[in-house]
Amino acid sequence: MEHPECLQAGHAHGEKLVPVTFTVRSTKKQEVLDITQQVAEVVAASAVPEGIVVVSALHTTAVIIINENFDPNLNDDFLAALSLLIPAGKWKHDVVDGNGAAHLKSAVVGSSQTVIISQGKLLLGRWQNLMLVDFDGPRERTVAVQVVKS
Amino acid sequence: MEHPECLQAGHAHGEKLVPVTFTVRSTKKQEVLDITQQVAEVVAASAVPEGIVVVSALHTTAVIIINENFDPNLNDDFLAALSLLIPAGKWKHDVVDGNGAAHLKSAVVGSSQTVIISQGKLLLGRWQNLMLVDFDGPRERTVAVQVVKS
Amino acid sequence: MEHPECLQAGHAHGEKLVPVTFTVRSTKKQEVLDITQQVAEVVAASAVPEGIVVVSALHTTAVIIINENFDPNLNDDFLAALSLLIPAGKWKHDVVDGNGAAHLKSAVVGSSQTVIISQGKLLLGRWQNLMLVDFDGPRERTVAVQVVKS
């Protein structure tokens, strides 16, 4: 868990609801990183009781997903499933960057998730966690979070 | 169509826009259930003329999609296509729960949909319907709906 | 870039934030069309400094994605990857319309994207562009855009 300064600066004291950004760092080529706690802190700092929060990876080779994070094998399964579906090294774009598959996986899965806020907290099911998936690490990745009052 | 009490309690009388939840019950291992009418009722009860509505399955083995629901074969096609892409019984997580494929399909497709509200109604194209897809039924599933004024 | 009248009518002068629609025309069976500029104009006309914008394809055989649009090969790769994953001509729905694969691709990818607005502009990463993908062209397609203040 990181505590970037922007978490304090963004939403505290019921001020204007501006986007908050934080970074996470992947340490492998492909990795799933749980960001539920960071997003929950942004929501808590916003003091918004009811609304929604948009969580967006500002990248084209990393995404935000919702999945269970109790069994870590599921993260390996997710990365393996997508690599079976969209194998590396088969794409025109690979001539430019070598990361065509990472782009394609990202475009299929989608960059952002929207979660409902209820009673000041993320309204997630018992097994739902927010995760950043890096398909082209290791890298520092930026996540933007915007709370909207309903 | 179900008429859970929460539909009345949540948004009626132009009160505070709090999340509304309702449940649907799948009767097969995999099933596509149309929830357009339930969501339309939440939007109507909210009396919000313009905005958005977030429709979220609070699960990691069921999702919300938008698709045509005129030809029921299309629902069979959707379930068949995903089972071809992500076959059952091949995943590390299967040792724990046996439902690895249901998790992976859900994470790829995404738990929620956001629909624009125009003139008090869902702004959907002629062929667009909102559907809950259960990848690991039969079960009761909870859908959360949050209307946000623009 | 198109300049439909509705772009002026919808959000100008800080008036009520109603949905804005515009159309784009695909010229091939499958095509990726960049709509970042059109959406940016809607956001600018809204004069909303902070919030979100929902961008929705009002169709079941076309979607909105976020991807890099610097290397045009990536668009070809995206269409090719999805056609490998969900081949044409294999689906029950094809008896009705012949476009089963286009429906399935759309339901998997998702009809809409939500982008954060910061300082009056789309908060996109350096390589992120908004694109409409037509899986069943050539056709005129309608995109609905709703700005929501945070």
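Order of writing sets the labels: A, B and C. Residues in every chain begin at 1.
Basically, a contact is a pair of C-beta atoms (placed from the backbone, for glycine too) under 8 Å apart; a residue touches a chain by one contact, two chains touch by 3 or more.
Predicted, not measured: the structure shown is a model, and the values here were computed from it.
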Exercise. Steps needed, at minimum, to get from chain B to chain C via touching chains?
Worked result: 1
Problem set entry | Copy-to-copy rotation for chain A and chain B - C-alpha atoms, rounded to a multiple of 5° | 120
For this session: For chain A and chain C, let me know how many angstrom lie between their CA-based centres, rounded off.
Result: 21
Seminar exercise, completed: Note: chain A residues in touch with at least two other chains are 85, 108, 110, 114, 148-149
Problem set entry | In the complex, chain B residues that touch chain C | 50-52, 65-68, 71, 73-74, 76-78, 80-82, 85, 108-110, 113-118, 123-125, 127-128, 148-150
Problem set entry | Interface residues, chain A side, partner chain C - complex | 16-19, 54, 56-60, 85-86, 91-93, 95-97, 100, 103-104, 106-108, 110-112, 114, 142, 144, 146-149
